[in-house]
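Note that the chains take the letters A, B, C, D and E in the order they are written out, and that residue 1 is the start of every chain.
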Amino acid sequence: ADDVTLQLKWVTQAQFAGYYVAKDKGFYDEEGLNVTILPGGPDIAPTQVIAGGGADVMIDWMPSALAAREKGLPLVNIAQPFKSSGMMLTCLKETGITSPEDFKGKTLGVWFFGNEYPFLSWMSQLGIPTTGGADGVEVLKQGFNVDPLLQKQAACISTMTYNEYWQVIDAGIGADDLVTFKYQDMGVATMEDGLYVLEDNLKDAAFEDKMVRFVRASMKGWKWAEENPDDAAMIVLDNDETGAQTEAHQKRMMGEVAKLTAGSNGALDPADYERTVATLLAGGSDPVISKAPEGAWTHQITDKALQ
Amino acid sequence: MIWLAGAILFWLSAWAFNVWASHQPFARTGAGRLAIPALFGVTLLVLWEGAVRGLDVPGVILPAPSVIWGTITGSVPVLWQDFVQTILKGGLSGYVMGCGTAVLTAIAIDRSPFLQRGLLPVGNFVAALPIVGIAPILVMWFGFDWQSKAAVVVVMVFFPVLVNTVAGLAATERMQRDLMATYSASYWQTLMKLRLPAAMPFIFNGLKIATTLALIGAIVAEFFGSPIKGMGFRISTAVGQLALDMVWAEIAVAALAGSAFYGLVALIEKGVTFWHPSQRARS
Amino acid sequence: MRFVLPVFAVLLAIVVLWYGAAVKMNSVWTYDQAARAELEVSFAEVLADTMVQERPVLPAPHQVALGLWQGLFGQKVTSKRSLVYHGWVTLSATLVGFGIGTGLGILLAVGIVHNRAMDMSVMPWAIASQTIPILAIAPMVIVVLASVGITGLLPKAVISAYLSFFPVVVGMVKGLRSPDGMQLDLLRTYNAGRWATFWKLRLPASMPYLFASLKVSMAASLVGAIVGELPAGATAGLGARLLSGSYYGQTIQIWAALFTAAILAAGLVIVIGVIERAALKRMGMAR
Amino acid sequence: MRDSIGQSAPVIEAKGLGLTFQTGDGPVHALKDVDLTIGKGEFVSFIGPSGCGKTTFLRCIAALEHPTEGTLTVNGMAPDAARRARAYGYVFQAAGLYPWRTIAGNVKLPLEIMGYSRADQETRVRNVLSLVDLDGFGKKFPWQLSGGMQQRASIARALAFDADILLMDEPFGALDEIVRDRLNEELLKLWARTEKTIGFVTHSIPEAVYLSTKIVVMSPRPGRITDVIESTLPRERPLDIRDSKEFIEIAHRVREGLRAGHGDEA
Amino acid sequence: MRDSIGQSAPVIEAKGLGLTFQTGDGPVHALKDVDLTIGKGEFVSFIGPSGCGKTTFLRCIAALEHPTEGTLTVNGMAPDAARRARAYGYVFQAAGLYPWRTIAGNVKLPLEIMGYSRADQETRVRNVLSLVDLDGFGKKFPWQLSGGMQQRASIARALAFDADILLMDEPFGALDEIVRDRLNEELLKLWARTEKTIGFVTHSIPEAVYLSTKIVVMSPRPGRITDVIESTLPRERPLDIRDSKEFIEIAHRVREGLRAGHGDEA
C-alpha cells in the first residue's frame, strides 16, 4: 500500500470526520492507501509542516494557503470538500449590537494565525478602522476558546457554526441572547478546509495517482459521514487521543458540518475561488495577497477521482 | 556547497582567533568583553547564512540572516511598538513585582520556621504549575492587555527567586552568625547586616534566571489572547502567514533585549557582590 | 513529620481563600445569567451556584479535587481519559529531556569555566538562547525534526532539554567557580592538573549549587515537555490535556491537568531533594 | 584559693558543667565536671592542649553553646540573658570578618547594631584601629590584608564597644612577639582602666602568666580543669616582670600542669 | 655570610625581588629588593611583623604569586617549572581543609593527585596522622575538630608526600607549647632524615632560633629583608639547647632586628 500523510488544521473533531470515516471504514484500504492522519492544534501551521516535508497533503483555509503561496510556498488546491463557510461573529445581545454598524467603539475577538483576513476585508468594506477609538473597533486576538465573550471582555467573538457557537450555548447563554453575523451572509465568505499539496509533486504521475485515490476515498468518507452523522461522530471520538471530546458535542458538530459539506462533490467551484480572491484583494491596508494568484487550484485530481 | 564550506572555514578561523584574542590583554577591556562574544555571534550568523544558501533551505522553513536583517530594518516601527507592549509593559513590570514579592516572601517566611516549613513545599508545588496552563487562566482573569502578561511573569519568576533567596539567607557561616549572637543583634539587624549581604550572590542567581523567564513569560502569554500588538502576537500571526522572516526578526529583538536585560542585572550583581570569590577571581 | 502540621495549616488557609475567591469570581456569571433571565437571586442561591458551575472562572477546590480524583483513579490507567496515562506520556519526555539538558548544561559549564574563549563567547549566547520564546520555535523544531524522520518522544525531549540546560549552566558556572583562592592554591602546589582540580575541588564545591539548579531545571523540563506537546499535534500528554480543556472551556479539566503536572513536578523535585540530602550528608556538608 | 578571689561578686559561675556533642560516630565529651568561679574584674587565662575544650567553654559562657549538664550563670543570670544584655565582646579563633565590609566597616558593625551615634562610631573606629596598629587600612577589604592584620581587625572589632566581659579565643596567635608584647601591654592597660572581666585562651605560657590574675589549666578527652592557679603577681606589670623569680615559678607550675594533661592523654 | 651557606648548590635564589599589588586605592608594595639564597637542606625561618610580606614571599617561591620585579629561581629553574615538578609541600596560614572530605580524605588528597598506590596512601595517612597526634580522628569532618586540630591536619597533609621543599606558613600558631615543642622536635627529625629544604614562617623567636640554620628578619611597608642570621647552633638540637648562651645570643639578635623593623614603621 502507498503511504499518505494528512496534516489536519485543527484537533481531532467532527470537522474532519470524512477522513476518519474513510480510514475507519477501510475506504483508504480499498484504494490501496495507508493513511496517517496528523492532528493539528493552535500552534501548528499546516503550511509549515508540508513545507518541511512532514506531510503529503494538508487541510487549510484558502486565505492562509494563498498567503503562503505568495510567500513562496507553491501550494495548490486539489479538492474542496467544504462548500460553504462556517465562520461567523457571535455577539451578546445586551451589548446593543444589532447590525454591523453597531460594531463601532466595541471590542471584537478575532482569530489570527492566518484566519484574520476575511474579517479585515469585511471591516474595510464596511469602512470601519481596526485601530480602536470611538469610530473604529478594538480588535483582540482571541485565544482558542470562547471565554472573552463569557467574561464580557469582548462584545463579539469569532465562532464556527459547528463548534464555538455551541460552546457559548452550552455555557448557558440562550440563543435569544446572542446575535450572529455569518460571513457567508455578509458576502465576505472565504473557502475553508480544502486539500492542498505542493505544486511540484503534482508533476509526478505516481503522486498524482495517489492523490486521486486519496481524494476519491476521502469524498466517499465525507458522503458516508453526511448520511450517518451519529456514527461518524463516534468514529471521530474513537480517534481522539486526548480523551477530551464529548459525544454530544461531536454529534452536534457533525450535524452542522454536514450542512457545510453538502453541495460539494469535492471539486472546487471556480466561482467560489474567484469570490474568495476578490474578498482577499479587497482587504484593508495590509492585504494578505497583493495580486490574483496563478495556478493556485487545479481540477487535475478531482477530474480523475470523480469519473 | 561553496557557501557551506566557506562558512565552516570562516567559523573555524574565527574561533581560532577568539581563542587567541581571549588571552590577550585586550580581552579584559570593556571593548574586548563585547567584541569577543560579538565575533562569536557573527560566526554563528555566517554559519547559518552559509548553511541556508548552501543547502538551499526554503525561506518558509528557515530564512537566512540577511533576509531577517532586511525585515528588521524595514519594520522598525512595528518592532518598537511590540517591544514596548511586551517587554516594557508586560515583562518589566511583572519582573519587578515578581522578584520584589519573592524576596519579601522569602524574608517573611524566613522569620517563622513554621511558615517556612508550611509555605515552601506548597510554594514549590504552586510554582511547578506549568505556565502554558496558567497563562490562559490568567488571561481570563486579568484581561487580554499587558496586565495579564505581567501576572504570568510574576508567577514565573517568583519561584526561582524565592528558592534562591531562602537558600541565600541560610548561607551564612556559623562564626558569622555567632558574632551577631554575641552582639545580641536583633533579628532585623542580623538580617540587614549579615544575612542579606551573604545572600546576595544567591539572590542574584535567581534574579538572573528570572530575566530570561520574564521575557519568555511575557511573550508566551500573548499566545493566549492579546491586543493586536506585542511580540508574542506578532510571532503567532506571522507563523500563520508563513512570514518567518518576521518571526525571526521578533526573536532577534527578544534575544537582544533579553541579553541586554541579563547583562544589566549581571552588572549590578558585580557591583553588589564584588567580594564573592566567583567575582574576585576574574577581576 | 514536623512538616505535616505547617503544611496542613497553609493548605487550609489556601483552601479558605480559594473558596472565597471562587465565590467572588464565579458570582459575576451567576448574576449575569440571572439578569439575562430577568430573575432576582438571593445570596444563598448565588453561593450555591458558584460551587457547582460547569465552566467556572475559578473552579471550587472540591470540583478540582473531584476532577483530579476521577482523572487519576476513576478509570483504567491505560484509558485516554486517565491522567495517569497522560502524566506518564509527559513524564517520559520530561525525564529524557532533563537528562539531555543537565548533561549538556554541565558540559557547557565545565567548558566555560576551563576555557576563556568559551567563557567570553558562549555564555552571552547561552543567555540569548533562553530569551527566545520557546512556544514560537517549538513548532518549527517539531517540523524540522519530523522532516528528518524524528518523531514521538524525542522532539518533546529536545524542547524540554532546551529549557532545562540553562539553570544548570548558570548554577554550575557559579559553583565551579566557588572555591576560594587558598583552596585553589593548595592544588597548585601539588601541581594538580585541571582534571584533578576539577574532580577533587571544583566538582565537590559545586554540589550545593548543582542541586539548587537541578530543582529549577527539573521544573523547567516539565514545562518544556508540556510546551512540546502543544504543537506535537495535541495528541497525548498533560499539555494536550491542558490544551483541549482550554479549547472546550472545561476549566475543571484544565485545573486537574495543571495539578497533575504540579504533583509530578513536586514529586520530581522531592526526589532530587532526597538525593541532595543523601549526597551532601555523605560529603559531610549537611549539618 | 587565695585572697584575690574573694575580692568581688562572682561574674561567671560554673558548677558541674558538661557538654557532649553528638556526632555521626558517637558522642564527643568536650567538657566534663567543670567547676569555676570568676570574679568581677578578673583576668582569667585558659590554657591546654588543642581540642581540650577551651573554645567550647568560652562559647558556653557566651551562650553560643548550651551545656548538657550542670549549671552556668553569668552576672547571676543565664548566659542567654547576659547575651541579650550585651555583656560580651568576643574575639573568635579565626578572624571571621565579613568580606563585603571594609576593615573600618567591620569594626563599625557592633557599633551600628548597638546604636552608637555616627560621630561616636567614627572616633571609636579610628581609636581602636590605631590601637591595633591598623591606621590607614580602614578602607581595605579583608582579603587584601595579611592573616595577622585580619586577626588584629577582629580584635579591634571586639574592643570597639564597651562590654563588661571580654572573651578572647587565641587573639594573638597570628602575631609576632613585638606586636604581641605591645598588645599585651595595651590589653592590661585597657583592663586596668575599664575593670572588664576577661576570659582569654592562649597557648603561650608566658603570655598567660603575664596577663592573668588566674590561670586555668585544662586537659582533654574529656575536657576537664586540672589546675587553677591564682597569680601572685601585682596588678601593675611592666614587661620585665617576666624575668622575675615569681613569674618563672608560676610559669613552671603551668608547664607542669600542661605536661600532666598531655601525659593523661598519651 | 658564613660557612654553612656554601655547603651546597643554591635551591632558592632571589635577586632584587619585588612585588606590588594593585588595589582599589593605590599600589601596595608587599616586597621590595629582596635578595636571598637558600642552599639545599637548609632550614630557613622568616620572622617579621604581620603584614611585612612573609606569606607573599613564600607564595612567590611556590609560584602562587608572580614577582613584579627581579628574578627568582628554584632548583635552577623558574618557580613555575619547579611547581610542575612537584617540588613543594605547602602549609597555609589557615588550615583550609576541604569541608566535604574527612580528615583522612583531606590528607589523602595530594597522594591521590600524585598517583600514590592505594596501599601506600593508607599507610602514609595513618603514619602522618599519628605524627601530628590525630589518630582516631581520620573519619571526622573538619568542622567537628578544634582549630588547632585542623591546623595539625593541614600539616599532616603537607607531610604526607615527599616534596623536596617544604614551605610552612605559621604552621604551629594555633598549638600549645607542649605540642609545639613535640612537633618542633619531630620536624627537626624529619628534616635531618629527609634533607628537605624548609622555609618556615613563625612569630615565635625561640621557635625560629631553635629550628633554623638561617633566620631571615623582615620589616614592612615595603617588605624588605633587614637581617639574615646564620645559626651557629649544631645540627643536633635537644630541647634544652634553648637555655644555652649561644641560643640566647641569637635570640637577642633576632629580637633587636625585629624591634628595629617596628621602629622603622612607627
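One rule holds for everything that comes next: a contact is a pair of C-beta atoms (placed from the backbone, for glycine too) under 8 Å apart; a residue touches a chain by one contact, two chains touch by 3 or more.
Fair warning: this is a prediction, and the values are worked out from it, not measured in the lab.
Asker: What chain lies farthest away from chain D once each centre is taken as the mean of the Cα atoms?
Answerer: The chain lying farthest from chain D is A.
Asker: Just how far, in Å, is the C-alpha centre of chain E from the one of chain B?
Answerer: 49
Asker: So the centre of each chain is just the mean of its C-alpha atoms; given that, what is the distance between chain C and chain E in Å?
Answerer: 54
Asker: At what distance in angstrom does the C-alpha mean of chain E lie from that of chain A?
Answerer: Here chain A and chain E have centroids separated by 84 Å.
Asker: Spell out, as numbers or ranges, the residues of chain C touching 2 or more other chains.
Answerer: Counting only residues that touch two or more other chains, chain C contributes 57, 135, 139-140, 143-144, 181, 230, 246.
Asker: Which positions in chain D touch two or more other chains at once?
Answerer: Within chain D, the residues that touch at least two other chains are 94, 143.
Asker: Among the residues of chain A, which are close enough to touch at least two other chains?
Answerer: Residues 42-43, 45, 48, 51-52, 143, 145, 147, 151.
Asker: Check the chains against each other and report every pair that touches.
Answerer: Listed by label, chains in contact pair as A-B, A-C, B-C, B-D, C-E, D-E.
Asker: Which residues of chain B touch chain A in the complex?
Answerer: 58-61, 136, 139-140, 143-144, 222-228, 233, 236-237, 239-243
Asker: Give every residue of chain B touching chain D within the complex, in rising order.
Answerer: 173, 175-176, 178-186, 189, 193-194, 197-198, 200, 273-276, 280
Asker: Enumerate the contact residues on chain E facing chain D in the complex.
Answerer: Touching chain D: residues 21, 23, 25, 28, 47-51, 55, 93-94, 139-140, 144-149, 151-152, 170, 173-180, 203-205, 255, 258-259, 262 of chain E.
Asker: For chain B, which residues are in contact with chain C within the complex?
Answerer: Within the complex, chain B contacts chain C at residues 15, 18-19, 21-23, 27, 32-33, 36-37, 39-41, 44, 61-62, 114-119, 121-122, 124-134, 136-137, 140-141, 159-160, 163-164, 167, 201, 205, 208-209, 212, 215-216, 219-220, 223-224, 231-232, 235-236, 239, 247, 250-251, 254-259, 261-263, 277-278, 280-281.
Asker: Would you tell me which residues of chain C are touching chain A in their complex?
Answerer: 29, 32-33, 35-36, 54-55, 57, 79-82, 135, 138-140, 143-144, 146-147, 230-231, 233-236, 240-241, 243-250, 253
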